[in-house]
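The structure that follows is given in the form of structure tokens.
Just so it is clear, A, B, C and D label the chains in written order, and each chain counts residues from 1 on its own.
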Amino acid sequence: MVKRHFDYEEKYRNLQGKFEELQELSRSLQFDLTDEFKLLEEKMKDIRVNKYQNLTAWEKILLSRHSERPTVRDYIEFIFDDWIEMHGDRCYGDDRAMIGGIASIKGIPVTVLGHQKGRGTNENLHTNFGMPHPEGYRKVERLILQAEKFNRPVMTLVDTPGAYPGVGAEERGQAGAIARVLMTLSSLKVPIIAVVTGEGGSGGALALAVSDRLLMLSNSVFSVASAEACASIIWKDAGRAEEMASALRLTAQDIKDLGIADEIVEEPTGGAHKDFENTAQNLQDRLDRNLQELLAIERHELLQQRYTRLRHIGRFQEN
Amino acid sequence: MLKNAFGKQKLIPVPGSREYMESEGRISAQEKCPSCSRRISELELKENHKVCPECQYHYSMTAWERIELIADDQSFQEFNSGLRSINLLDFPGYNEKLTGAISKTGLNEALITGQCTIGGYPAILGTMDSRFMMASMGSVVGEKVCRAIEKAADLKIPLILCAASGGARMQEGMLSLMQMAKTSAALDKFHEQGLLYISLLTNPTTGGVAASFASLADIILAEPGALIGFAGPRVIKQTISEILPEDFQKAEFMLKHGMVDKIVSRPVLKDMVERLLRLHLGGNNG
Amino acid sequence: MVKRHFDYEEKYRNLQGKFEELQELSRSLQFDLTDEFKLLEEKMKDIRVNKYQNLTAWEKILLSRHSERPTVRDYIEFIFDDWIEMHGDRCYGDDRAMIGGIASIKGIPVTVLGHQKGRGTNENLHTNFGMPHPEGYRKVERLILQAEKFNRPVMTLVDTPGAYPGVGAEERGQAGAIARVLMTLSSLKVPIIAVVTGEGGSGGALALAVSDRLLMLSNSVFSVASAEACASIIWKDAGRAEEMASALRLTAQDIKDLGIADEIVEEPTGGAHKDFENTAQNLQDRLDRNLQELLAIERHELLQQRYTRLRHIGRFQEN
Amino acid sequence: MLKNAFGKQKLIPVPGSREYMESEGRISAQEKCPSCSRRISELELKENHKVCPECQYHYSMTAWERIELIADDQSFQEFNSGLRSINLLDFPGYNEKLTGAISKTGLNEALITGQCTIGGYPAILGTMDSRFMMASMGSVVGEKVCRAIEKAADLKIPLILCAASGGARMQEGMLSLMQMAKTSAALDKFHEQGLLYISLLTNPTTGGVAASFASLADIILAEPGALIGFAGPRVIKQTISEILPEDFQKAEFMLKHGMVDKIVSRPVLKDMVERLLRLHLGGNNG
């Protein structure tokens, strides 16, 4: 049976409960075990820290999907000043699973885009669990072209299980809408920084990840398809998702090792939601530094670098 | 749909098999059309471009059959045939899958690219072969697509890619997904030069191939009945637990919804491509 | 009561019938009236020709909507070689009220676009009576941008009561779709020739009429809105449509006098459907000549001329 | 909707009328909100930017009231005020209509254009007045829109046009329809220069104005409840003989359908415009 929920914190809380009971009991029996308890407590904390430094790929997937994990809107509101959300694809609708607008970071105007998951069922029905329809990708295309017009850098925040697989999405051209964003971003004449904040799922995530710099939060993942889907398709056994998670090399560290991600932004022990402010502040600093670096690069050179970077992804042998 | 497309591997003769001997004319074979159940001989099928004469069902075509259909006789010069996939993630079972696909198809990968003439007009032509791991796109397919694009750009001649793919090659993980971005970036440069790219969508064109180079053409043609879409119909069925529309994700459905320029049946495909090339002569196109 | 149908031909046929009866009768009575009949017949023909040279605005409206009038597809198939129709807006649908594709005229590749009315109820249900939805205008935008990419001149054929007024059309942004085509055509870097072949109705027609040369068939009309609508809105009396037709100055000659149309292509007596081949041949010659002229103009100069032409339309006083 | 928008001509004081005296404070007037029926005094309404404090219903605003709302105090410098319509087609009754509109509004035409600052940022501002023949677009409106665009381009400052219009001015026939093409062409040149154009859609924005300059902005704002669309709801009702959706063609409907960036209520409109101008500083924008 595949574990569907990241339950380490629950277990840890149970352990802590037992520990407190033990302390209580020892106090009532007037055993002086202060030093031992101190050691024990430190050891427990160490083990927890160590655990979070050594999560399995599957655990990272579960953590990246954690219901308390900060959403893209949380990050945007913390990191950027003067955020003004823009709506609509001018063609069919406004996709609430994909948000976009303009804002500034340390005084520099930028265009910001991101997948929006909800917190709780109601919000998630509103945002379709962060799974965009074609109108979401067309909104992105519209806003990035506007960013280019106004010479405004683009920052994207990636957090989606994937583009929505549904009848309406197919009717309105999900494939083409994603493809166009990929093509447009590849040659957009302004700097682009992307961050995977949570779940980077498939082509629907990739459409916001074509960039000059790709950052990943340390517990985020980025995968060609969900581990469940891969296990079910390749091994005909969705139950082997955990094993598949490792095979796919989808953790932030894997993606960096593959030469796709540039930087990992460390989350606090327990994950981003355990200390949102700190995480968001870290991310802001990284975004700011990367933006400064990219703005210092001559524009033609920047585009050349972006192309070279994309063009050389992949490994093969040639006879 | 998928079943129809891949259930016909009988048609692809593996040396020594009954099908092989049939195709060599040593057995007079009768194939039952998966759509209308009419019995058709191998020869009849071959002469009719692998289209059922009764119901126009388009049988799956191999990459070389597609080249034979479109390119002028003897004109096709393959390039980059030496590119081979490696198991870059040490993914369990990938080596075996590759070996199997190579021996089954006689191909090194799921895409053949080369230069040819079509009605006398020079062009770069790429064709995919769904027998090769569902023609999923890994590093090699992505690289060969890019090199074909760059060759067409260098020579300033039109590019024709015939897509057929189940999507990304999962065994290559994110390196496979990134091929979507890589091919799309190469096409942006191509379009910048004002050159012509014709995409032909054949059965099936889904996932990462549909959501990258296959959809980024000036002119998008599709074969009748081809499955075309982003998500596979099974995934959609699971997600929405509803009965899907009758012609859902078929070429005809995509035409109705504005996603393709034309549905072109196989017997007139070469003629259509020729006419398109002729109308795009001059300018930057040869 | 407003006349809704152009019935001159019926009346003329009745007259001819009577004349033939008269001839028959005179023959049977052995009256030799050959000379007189010849004169009479010529006189009748003259009167008919004269009638068609002096149709009222309302009669021209009725004639431009005549059920036998050649459709845009008829003209395209006659005038152009190697016509290949293209479909779809890549976004929502394929509008059968708006057709487009590539073809050649005297060996020159061109992009051709036009409104498609049907003949008869069935065809008209299929083509929505030539009234496009936003997807039709988005198909136009896609195909004209492609024409520009391939340096292909654009030819448009205008024949529509107007863009479709319906819920779906509004939901999908009819106004914006038309506006974008107007803007794109105004600066498209290839020569554009437009012909009004039938009914030029309102903004839905205008979207195909922004051009370097505007031709009009002699019985076609081009109006800010239908005479019926104008009468109903301005005079609160749809019954005065005939009077409104004259007030609006919407005949080909009026539009030329206003400096909007450049040339009038004469139709045969009785209208284009009375001799389609001749009409289409005339039109082909005109398109060919105009194209040659436009191709001879340096491109920057052509765009300058187009802009100047548009920029100066309108009359007012300035104090 | 239309009725609500134009039924409030009482609010626009004609000298000597009861409303005039009310607006001058000589009568303490009570206006009944057309949406929620609450009684509101003229003063209260004025202080609340002509928005019902109860239900946020946005009363119609005159062109000058709109300028007062958006432009910094005393900063607005009108230009091209001398352009006046002529009866170029000798259209029956047009002269009388014009004379009536001029005397009713004190304006020469349905559009006021000028230069101003907004939160200190220089901009070109145009506002339409629906009391003037439903702010239909004839030669003068088209010309003034173009000149405003060109002025903004010359000065390299942002352009803000507040649309309100029933469509083309039919009394000018095709010369009026062509203003759609003319203003769209001028905007293409403007956008080419990388300058900012903000369009505000107010009640009503339909027909030829909706299908030209009002829809061609970088950023499209709309007032709550404003009627926005191509065809008028009455025409649509006639055509489809169905009951229309509740919020059909309202600003909220258009937001949902992806046609506008934001709905901005009047009390925060100036602030929103200021913020947008600030975020577009640098580059080509001042």
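What we mean here is this: contacts are C-beta pairs under 8 Å (C-beta built on N, C-alpha and C of every residue); 3 or more make two chains touch, one makes a residue touch a chain.
As the structure is a prediction and not an experimental result, all values here were calculated from the model.
The interface holding more C-beta pairs in contact, when A-B is weighed against B-C, is A-B. Put simply, the C-alpha centre of chain A and that of chain B have 34 angstrom between them.
The geometric centre of chain A is 43 Å away from that of chain D, both derived from CA atoms. Centre to centre, using the average C-alpha position, chain B and chain D are separated by 54 Å. Looking at chain D, one finds that residues 257-259 touch two or more other chains. The multi-chain contact residues of chain A, meaning those touching 2 or more other chains, are 90-92, 171-173, 176. Listed by label, the pairs of touching chains are A-B, A-C, A-D, B-C, C-D.
The part of chain A that touches chain B in the complex is made up of residues 163-167, 169-176, 178-180, 182-184, 186-187, 202-203, 206, 209-210, 222-225, 229-230, 233-234, 247-250, 254-255, 258, 260, 307, 310-311, 313-319. Those residues of chain A whose C-beta lies close enough to touch chain C in the complex are 90-92, 134, 138, 171-173, 176.
Note for the complex: chain D touches chain C at residues 82-86, 88-89, 91-93, 138-140, 142-143, 146, 167-168, 170-182, 184-189, 192, 206-208, 210-216, 228-232, 235-236, 239-240, 242, 244-245, 248-249, 253, 257-259.
Within the complex formed with chain D, the chain A residues making contact are 82, 84-94, 102-104, 109, 135, 139, 146, 149-152.
The touching residues of chain B, counted against chain C in their complex, run 191, 194, 196, 218-219, 255-262, 272, 275-276, 278-285.
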